[in-house]
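A single structure is presented below for examination.
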Amino acid sequence: MSILVDKQNKVIVQGMLGEKGTFHTKRMIEFGTNVVAGVIPEKGGSEYLNLPIFDTVCDAVEQTGADTSIIFASSPFAGDSMMEAADAGIRLCICITGRIPQQDMMRVKRYIKGFDESERMQLIGPGSAGIISPGKGLVGVMPSYFYREGDVGIIARAGTLGFEAAYQLHKADIGISTSVGIGSETITGTTFVELLERFNTDDETKAVIMLGEIGGLQEVEAARYFRDHMKKPVISYIAGVAAPKGKRMGHAGAIITAYGESAAEKIEALKECNMPIVSDPSIFAESIKEFL
Amino acid sequence: MDIHEYQAKELLSEFGVTVPQGGLAYSPAQAVYRAKGIESENVLVKAQIHSGARTAAGGIVPCSGEDEIRKAADELMGKCLVTRQTGPKGQIVHRLYVEQQMDSVREYYVGFVLDRQMERVVVMASADGGMNIEDRYNQKPESLIRAVIEPAVGMQTFQARWIVFKLGIDKSLLTQMVTTLLGCYRAFRDLDATLVEINPLAVTSDGQLVALDAKMSFDDNALFRRERIANLRDEAQEDPLSRKATERGLNYVRLDGDIGCLVNGAGLALATLDLIQVAGGKPANFLDIGVGAQPDVVNKAINTMLADESVKVILVNIFAGTNRCDWIAEGLVAAIKKFNVSVPVIVRLAGTNAKTGKTILQESGVAVVIAESMRDAAELAVEQVK
Amino acid sequence: MSILVDKQNKVIVQGMLGEKGTFHTKRMIEFGTNVVAGVIPEKGGSEYLNLPIFDTVCDAVEQTGADTSIIFASSPFAGDSMMEAADAGIRLCICITGRIPQQDMMRVKRYIKGFDESERMQLIGPGSAGIISPGKGLVGVMPSYFYREGDVGIIARAGTLGFEAAYQLHKADIGISTSVGIGSETITGTTFVELLERFNTDDETKAVIMLGEIGGLQEVEAARYFRDHMKKPVISYIAGVAAPKGKRMGHAGAIITAYGESAAEKIEALKECNMPIVSDPSIFAESIKEFL
Amino acid sequence: MDIHEYQAKELLSEFGVTVPQGGLAYSPAQAVYRAKGIESENVLVKAQIHSGARTAAGGIVPCSGEDEIRKAADELMGKCLVTRQTGPKGQIVHRLYVEQQMDSVREYYVGFVLDRQMERVVVMASADGGMNIEDRYNQKPESLIRAVIEPAVGMQTFQARWIVFKLGIDKSLLTQMVTTLLGCYRAFRDLDATLVEINPLAVTSDGQLVALDAKMSFDDNALFRRERIANLRDEAQEDPLSRKATERGLNYVRLDGDIGCLVNGAGLALATLDLIQVAGGKPANFLDIGVGAQPDVVNKAINTMLADESVKVILVNIFAGTNRCDWIAEGLVAAIKKFNVSVPVIVRLAGTNAKTGKTILQESGVAVVIAESMRDAAELAVEQVK
């Protein structure tokens, strides 16, 4: 199985022309991902990287049957790109672009929520490193060469931490079912809980590494899900224990955002749910090994 | 991005919030001149730095008459103010705001902020406004009233009224208070703010509702469409090293310790700080060169790092995913030679072309210590400063 | 039974101070409706018409357990009043005020839709004549003296047409289970279909009179519901057959709104669904009689 | 509320829509003067009335040079223009708009309107812009492209792009077209419009996208918060009787027949018109006195009714729910006496105090015919004019 991505996904690329879009589209094609088209407004009808180019996501979906989209459009345009994907009937959208204005993301989430659940697009990111299911599909920017097939799932907010974990597993000869980067932005699409749910029912996943960080409360929600529903081992790490509260943290406006969001407070909450916590980010592989 | 009090007040007044009369001054003479434009005799000379809690730090001086104003302005201008919010290094005062002094009989707190869990803007209000609102909140959290704004429709009048009645504000102030709250919300929304705060929002003895202090912060990622706000940036209030790093396309955060951290990716940066703490050390900073760094970026990064005098050892932790360890190694060797780096450099390279990278370092003749794992690197770095 | 309103409803009045609010609040109290409070911002703590007054709907609900609200607030403030009611947990809100700005109503509907279905307020109106269940409750502006208890349901967009129908029934000695005015505004809350559904399952209703008019398509939807689901007789009337298309109707912008909305087109659509249509508004009573 | 073309263009240009150069004139001399401010030699003198389809009615005159402009302006000013949209009575021209004449190589249609079924704003666009868009739509409904705007987020750029590509507009015009569409949407939303329409939206030979004609209508119920829009009202374009009725707090709609209908409530008014049609007659108007009418309102209503010369009989159909038939009867008697009403008056009273009301009428000595039912009343009225 694997989660979210397999050989069936028909992938389009939004924002393909830039350096990043071009580079990673090539890498996805090399990996074997079924990239079917690119969307570049005004360039519809042409070709790029041997792919047909469409003016709109709508056209691309109609012509190619695409169901998955990966977005590299620059930050001012990424919100619009996500909504365009949702409107066109894309089912899974991975937004690599980060640093999206908060109000744009509020709109994007609201727009997506306006669809019936059965037609609602799943959004990963923004600021996501993408999704890789070794041997099946890459819709992301992972350096795929050290991701080998296996049975450990990885969910990481920060892209490089996910890479680090995968590399440690590689060195320890442990394979990966699926690795997902969900991004560290203030407002994001899919959360830890939703992905734990998927790994929970995925036959090919035996254990999960969850890489959280300071800010937000979703790690705590994930821990509650772990306590109440998870049938598989999960190890977690909360990056930023040593990070000082930001300058703004001393400030009254931060009262509401700060509470429960520091790494220490989070770790406390995770412990209460009996979720195993790794405090040393160099031992992900050896920590997960004992559960396999 | 933060802005000054006087800038926040100017913006908010355009959205219907009442603020005292006032004027900006860059010199004592100008402060005296500004005071002449104010109807009342009593004025406040207020240091404009990107920090609250200025009263306790002596940054707000009540004055009456030309001599007092000149004296206060003279003392404040160029002074380094250390407040509860600035950190020990403080902020230097380059601008003053001369403002009408108001008598307040009651002080409220009003703040607008994004609640990231709910993904909605939240209004907070308290009848205990004024100094040290944080402390009072910690003692009496129930005193803070909250209302959640539905993004599809924006803040509604009934919500503003609800807050007013909850605060127990005198009903004669209802309309003024509703105008103020709705104005703050519109400012938050229309200007891509991340924080709008009025504290204190004072009731004067003649029944006016006036914002005595105001603070606004903005979404850096939205500044591309808020040219006017972007132009309010005061670079003198920013850490010069951070500013330089930003100009060079790097993400630099200054901290209190002595280990300089050169890393790629924010997640790895946080993990590196954690490892240093586990090893018993303290980071001086972290400098994130990003995930797709080219060799010249390493050059810029080392240059930035060396400008920080507190750095006693440099810890390089690179995980090359989309970039290459050999490029990083080449960049490091060149930079260490170019800048004659004298502090110890600990390097951990992993990922793409890590082996080649290490070989380059070993054969370069520059004095670097190569660590095999992140933890080794952190421990080696901490040893160097012990 | 009756629908929507019975002796259990605890009613508050929003916008009570004006002439209309005062007049109809008195009438509702005289009728026997359980009016528990009024909401008049700034007047909280006082009394009016012997009712306790609250500053906010929230306070009124907390203090009195009110579940129903009727709004007389003037048009610029009525949108806010509806949202306040929804926010405070009111379950049934009747907005008598009409002439509400379209964009306010778009916001109101959106705001209400933001609540989970189980917590969502039912909105009748704006521009509603209210609801009357003779012998049980009046939350509206109906001249109650000629509404007698019985088994005919009335749903009317226009208030006076509903009164007219009820008066004809009165003259013919036919009683009414519940009569609802849903308003003729461009955007309204509850529609014909939703009320037909309720009458369909109401033991005390044997037949329904549905009084539609030109504009909008909800009469056609109601006819489809009638065809597919209705187990009771319904007679309908579409007011405005003789009304000329408005000046604006000749206009391109009206293409989308005009189609299917004229009385003639509606009647055609209703006939296709086999819904009995009365073309003479003076014979409602005799027309319904044959179904009783 | 409708506004003039020149007003709509001024508003839309503030939202980024490109419009030709032009100026308003109240006289031929002023028209000549306005033309001097326009760069091109060829101008259009355009009658400003609240109606489209002016070209076919001779309301838009292409001119070159002072003499032609003066002549065209002289002919148009004060003229009564009958277009497809004005009805047979036409509209009198009181204002002229002198505008640069543009060469258009392609003409599009763009319209924004509320779809009441979806409760959302809908954008409509067609590559077949220009005159008689309705006819072309009826022949080829698929040529009209539609996009629905989600109110929670507003119109998005991708929707505007989708429309542009669907229309097959030359891609060099993409940005201009997106700006125009988003601008129209913002104007619709920010000004409480009920219609924004550009037809034709022309592509000129030098690749400009220009609104050659524009129409906007506004939500009457929202004018209280749109003072600027409310001030654009041109009362000279409204039916004088309707205007007077509105000033008197009555709702008056003028129709083509000869039976004047005085009713209370819009629903009853529609039903009355239906009954008159069933009886074979034609209404001259309907005058809705509202549901809570006081006696003096009847006085105003009769006064308004008598000013309409086409009224040959007055049909009064009152259902007193919240008001009282005796009040209505008293008001009627007083008004009939006061204004010496000479046309027949048919009265149907039902509801509260109907009996008393009828007695008042019968005993008053004024000549009214009392009908027992709505249908009787309609039939009696129709008989009077046959």
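So that you can tell them apart, the chains are marked A, B, C and D in the order they are listed, and the count of residues begins at 1 in each.
We take it that a contact is a pair of C-beta atoms (placed from the backbone, for glycine too) under 8 Å apart; a residue touches a chain by one contact, two chains touch by 3 or more.
Everything numeric in this text was worked out from a predicted model, so none of it was measured.
Counting only chains that touch, the fewest steps needed to get from subunit A to subunit C is 2. The interface with the greater number of C-beta contacts, when C-D is set against A-D, is C-D. Centroids of subunit B and subunit D (each the mean of its C-alpha atoms) stand 55 Å apart. Computed centre separation for the pair subunit A/subunit B is 28 angstrom, with centres defined by C-alpha atoms. Computed centre separation for the pair subunit A/subunit D is 54 angstrom, with centres defined by C-alpha atoms. Residue positions of subunit D with contacts to 2 or more other chains are 151-152.
For subunit C, residues touching at least two other chains, in rising order: 107, 110. Chains that are in contact with each other form these pairs: A-B, A-D, B-C, B-D, C-D.
Listing the residues of subunit D that touch subunit C in their complex gives 52, 84-85, 87, 109, 111, 113-117, 119-120, 122, 124, 133-134, 137, 144, 146, 151-152, 189, 192, 194-195, 197, 199, 215, 217, 219-222, 224-225, 255-256, 264-268, 270-271, 273-278, 283, 291-292, 319-322, 350-352, 373-375. Contact residues of subunit C toward subunit B in the complex are 41-42, 44, 55-59, 77, 80-81, 83-84, 87, 107, 110-111, 114. The touching residues of subunit B, counted against subunit C in their complex, run 150, 152-154, 156-159, 161-162, 165, 171, 174. Of all the residues in subunit C, the ones that touch subunit D in their complex are 20, 23-24, 75-76, 99-107, 109-110, 141-143, 145-146, 156-164, 167, 184, 186-187, 211, 213-218, 237, 239-244, 247-248, 250-257, 279-283. On the subunit B side of its complex with subunit D, the touching residues are 151-152.
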